[in-house]
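Two complexes come next, and they have one chain in common, chain A, joined by chain B in the first and chain C in the second.
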Partner chain A sequence: MRALAVDRVASWLPELGWRDWLASPEVGRPVAVFGRNAGDGRVELTAVLDHGVDGLAVVATRVAAGVPQPSLAAAAPGLAGFEREIHEQCGIAYVGHPWLKPVRAQGADSAAAMDAYPYYAVEGKPVHEVAVGPVHAGVIEPGSFRFQCHGERVLHLEIQLGYQHRGVERLLLAKAPGGLERAVPLVETVAGDSSVAHAIAFCLALEAQEPVSAEVALSRGILLELERVGIHLAGLSGMAADIAHLQAAAGYGRLRTVVINASMRLCGSRFGRGGVRPGACGYALDAEGRAGLANAIATLKHDLPAIDERFFGDLAVRRRFVGVGVLDMKRATEIGMVGLCARASGVRVDQRIGGIYEQFPLPSTTAATGDCWAREWLRMREIHESLAWLARVLEGQPGWARGPRTAFSPGRSRLCVGVAEGCRGEVVYALETDAAGDVVQVKVQDPSFRNWMGLQVAVRDNEIADFPICNKSFDLSYCGHDL
Partner chain B sequence: MTTPLVVLADLAAFALGPILAVGVIQRTRSVWAGRRGPPILQPWFDLQRLVRKTAVYGHTATAIFRVAPWVGLAAAIAGGVVVPILGVAPLLSFPLDFVWLAYAWGLGRAALMLGALDTGSAFEGMGAAREATFATLVEPALFLVFGALSLLTGQHALAGLLAVQPTSGGDVFVWGASVAALTVVVLIEGARLPADDPATHLELTMVHEVMVLDHSGPELAAIQATAALKLALGIGMLAALLNPWSGDQGAIGLALGCNLALSLGLAVAIGSMESLAARLATRDVPRYLLGAVIAGGVALLGTLWQGAA
Partner chain C sequence: MPAGYRGLPVVTDVPCAAGCTACLDECPTEAIVIAEGRVQIDLGRCVYCGRCEEVCPVHAFKFTADPKQGGRSLGDLVVTAGTRPTVARDVDLARIFGRSLKLRQVSAGGCNACELELSALANVNFDVQRYGIEWVASPRHADALVLTGPLTEHMRDAVRLTWEAMPDPKFVVAFGACAISGGLYREGHIDRAFLGEHIPALYLPGCPPHPLTFVHGILDLLGVR
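And now, the complex of A and B:
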């Protein structure tokens, strides 16, 4: 949970310097890169960089609109997605970009654009193509998956998303004149299963000028960790169902209900909606609430080990997961993976530092192998770590009352960034104001935007029948990507 | 000997067996998962619901697609008449009728595969390819078992083969290997775990399920009835092989009761196995099927030992 507010005027770099800066790995990991049509014939490009424990930094530059820019994606593949988005949103043509295709359908002719989408194709008689989606057999979100296969072996997978584009950034911008603090309910629906993480990142950006009290931070941390436990349990349950491991599917699924019901008792929503608000505690914690939460944690701590043992101790499960869908550390770093999927490949990226995590540290575990097994094992570990953390912060906690709704303004000529570690990774919100103090840009970034590329790379050379478990082990959000 | 009473009992088993087999397996799975589960007769209600619906057809589907489910059902019934489902006597018995059974079911499978290919869907093509691969691998296992049992018993009709009563150690050896091989064959024919998962929603992992994705209404009902009937007949066959009074005309009641109890036990065993085992990776399925072929081969070689002893 981190926030940063910088003076917009002080962060400009010359165009060339900016490019060099971004392409060199020692300046820090790019967390988000985005653009904005300034309206004066120029496009403002902003990069949020992560310096680890030293915090976040922002660098920005201005380029002329309509002038092609050299692409950095070949040197730094992690930037490829950002360049595609800037190309789509600001019309900048990137020269030398490997695959400058649309990110999400935007504009009036979006349906036609999606139909005419140029999928990558592998030539050759023995190669066959399998198209999955955008409408799937289960009740899941739409996404189009195009496989190039040789027999059962996947040579290449291309994932095309964007079917759920709702124009979230535009909607948020439209809400700004009336006070962005009213936009939290909208933010909570950007990615429904990461409602809490999105709300926290948004509030952090909004409050970047005046950080909130430890009590408020704690109230958010509790909901965030509950959300993580709930979604990880759902992930494990789904993974078990995908390989027809009935008992783990039923067991993890049952415990997920315990967790999300605990969330509901705290703030009235099983997804933690309404529990986070700018500047104050979104829900009250009294003795009864604390006891209920402690009860839920006790239930989980009691029941989980038996299910874990049955699932992770099963040789058949090991056989299905080990060595399947491998994303090694080098690739994961290159792509710019974040969150659990990065940590499962040995990349230590975790935004659970600062804020409440400074007072109550949470160990960040990594796995080395980057396969389905590593991702599932890490899910299980993170559940236990979050539960232990929750138990620790609740100890002797006197509780708090629900706070009043407060009006917040990011200030004049500011760029405010909020970052929270959701169950999938870092959720980033950036708010930009002009000299008059009006919000001119709201940038939203879900971790799924960075991670879908990892799935495409990980399934190569696996058998196509293993794609569902690879997909489920990454457990990415469609609507979080599509915005 | 086939008395009218046995014929009636067999017909009843043909009608009720498939529903009960699937119902019991589902209920067993529910219990293992800690749920109450659907009624035992749920498969029957599902069939009724499907029959009431109108079928929907894709643009590329031709008459093959419409006919395939009915060919499959007809083939399953036609092949099934030689199976002593209750361990007493089949509806029909003639020398080498097990060849009839194998290829009648093979015809049904071919029809289903053609129907799947007829949709022009990549999924269904993939499912048909997997089905063909698996079928190719289980067919030798089936014939090795029948061959071994035929050598052991000196019988040439399915009912006679399954009525084998192992007496010596060599008999038990052949019999045991046959039971193992036939179990795998039955699980494959019934599209059950660990090679296939009837409960999955993942198109890319399906085998049998994906071939029937485009079917709907009464035709889907026909396909589900076919799968259930083959499963029930398979369970009946296994029960007859295990049943110590199988085909014993002097103790029809005992043979029938024992077969019913064994069938129920087998359905519960399949349900339990499905609840406790995870599904195999597709790359491991051929190895699993090869195990059945090897068991069949061992049974056949065992008869040589039997002959020498």
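And now, the complex of A and C:
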């Protein structure tokens, strides 16, 4: 969990300097790059960079609206998605970009833009195309998948998203005049399975200038790790169901209920909603709550090993997962993967540093192989690590009372950034104020925005029949991407 | 009852403090109305954040742990002092689908909270298959369309195509505040014309609704007891 508040004026770089800066890897990993039409004929571009233990940094520049910019995507493929989004939101044409396709069709006549989406096609007589979606065969969000296949082999997959686009950033900005601290319920539904991570990142941005107490941070950390365990269990249960491993599907599914009901006993919601609020603890922890939580953790610690052993020790599971849907470390780094999917490819990216994780460190594990097996094995490992962390932080914890929400005063010409490590990776919120102190931009970034490209790369040269497990192993959010 | 759940709210007959608008100011979805000095909540809009209960000086609101709530019309969802939203049996739907009901789910801007709760219906904890209720992959096999999300503009055609692919007789279920009213996204990039033409037979409130809200609602609708 990390936050940063900077003076906008101090972060401006000249245009050329900005480009050199972003394209050179030693300046830090780009966490978010976004634009805003300043309304004076210029577009402001902002980059949030991760300097590891040295924290976050912000650099920005101003370019003339409507003037094409050289794309950095060829040299740094991880920037390609950001450039597509800036193109869509601010109208900047990037020269030399691989393909400036719609991200979520946010412009005018967006429905027509969705229909006219330019899929990449492979030509040749033996090549056939498989189109799936936007409505899928399960209880799942919509997205269109277009496969170019040679027999059973996938040559190329392209995923068109945007069906879930609701206009989150615009709605949040509209709420700013009445006080963004009231907007938590909306933030909790940006990606509802990451309600806690989104609420925390949003609050961290709000509070960037006045960090909250260790107690408040701990109250959030507990809900965040419960959310991670719950979603990882849902992921494992879904993967087991996809390969017809009934025992693990039922077992992991049952234990997910135990975890999300523990969240519910703390804050009233199985998704942790209402448990995070600006400036204060969103729920009370008393002796009864602590005992209930300890019980849930004990149940999981007791029941999980047998299910893990049945699942990960099963030859059938190994044969389905090992070597399938490989995303290697080099490619994962290059395209800017984050979160569990990055760590499963050996890339150590984890925002569970600083704040409460400084007081109570949580080991960040990686796997080397980047296949379905690595992603599922890591889910299982992270569940155990989070449970151990939860048990540790609760030891001798006297508890706390729910506190009153505080108001947010961002100041003038500020950029406030909040980052939290959700179950899929880093959730980023950035709030920007103008010289009068009015909020002029609310930037939201779900980790899925970074990671969908990873799935498209990972299924190449795999059997099309393995797509469901590749997809489920990445377990990405549609609504979080589509905003 | 799920312990600790912030479910069905009840409101008291206590008059509001003079000139007080604390709950109205806090409610993120304009779900509260003050009529004749008493509060009412429209569960079709409520996202169960509980802020009204927290700020009301006369303690007019109380969220109970009861997941049993729903309605066959939007009017059923308005909670006033002494009323609770219940689902009455639909004689025709009970006759046709009382012993077997196949459901097709479409998320049209849902945040995956409603979708996860609907998926949970099939797990070993809720197990709706024992009532003859099942999710199906093809709309051709479906009797009811369960909608989640505020109905985004970009899902307009997909929702219609799914509905048109379903054979008669069929009905719509609106699951969650977004589907019922647009919820937090009433000013968003949405198109709700479909729901104007195809009025849901069942509304299940919540953000997201508890799986038990679905179980109770559908069993009451079909008169399964």
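Observations, loosely collected:
Keep this in mind: the second predicted complex is superposed on the first by the 481 of 483 C-alpha atoms of A that agree within 3 Å, B and C clash if a C-alpha of one lies under 4 Å from a C-alpha of the other, contacts with A are read in each partner's own complex, and residues count from 1 in each chain.
Convention: a residue touches a chain if its C-beta (ideal position, glycine included) is under 8 Å from a C-beta of that chain, and two chains touch if they have at least 3 such contacts.
The shown structure was predicted, so the numbers you read here are calculated from the model rather than taken from an experiment.
Note on chain A: of its two partners chain C and chain B, the one contacting more of its residues is C.
Contacts of A:Arg254 after superposition on the shared chain: both chain B and chain C are touched. Applying the stated contact rule after C-alpha superposition, one finds that A:Ser477 touches chain C and leaves chain B untouched. When the two complexes are overlaid on their common chain A, residue A:Ala244 makes contact with chain B while staying clear of chain C. In the superposed pair of complexes, A:Pro468 makes contact with chain B only, with no contact to chain C.
Shared-chain residue A:Ala105: touches chain C; no touch with chain B.
Once the two complexes are overlaid on the shared chain, A:Phe271 sits against chain C while remaining clear of chain B.
In the superposition on chain A, A:Ala137 makes contact with both chain B and chain C.
Counting contacts by the rule stated earlier, residues 137-138, 250, 254 of chain A appear in both its interface with chain B and its interface with chain C.
By the touch criterion given at the top, residues 2-6, 26, 28-29, 47-50, 63, 105-120, 123-125, 135, 137-138, 149-150, 152-158, 161-162, 178, 183-185, 187-190, 207-208, 210 of chain C touch chain A in their complex. Listing the residues of chain A that touch chain B in their complex gives 128-132, 136-138, 152, 242-247, 249-251, 254, 314, 316-317, 319-320, 324, 463-468. Listed in rising order, the residues of chain B touching chain A in the complex are 29, 32-35, 122-123, 125-126, 193-194, 197, 199-205, 213, 274-284. Residues of chain A touching chain C in their complex: 105, 110-111, 114, 134-135, 137-142, 162-168, 170-171, 174, 182-186, 189-193, 195, 234, 237, 250, 253-254, 256-257, 261, 264-266, 268-271, 273-274, 477-479.
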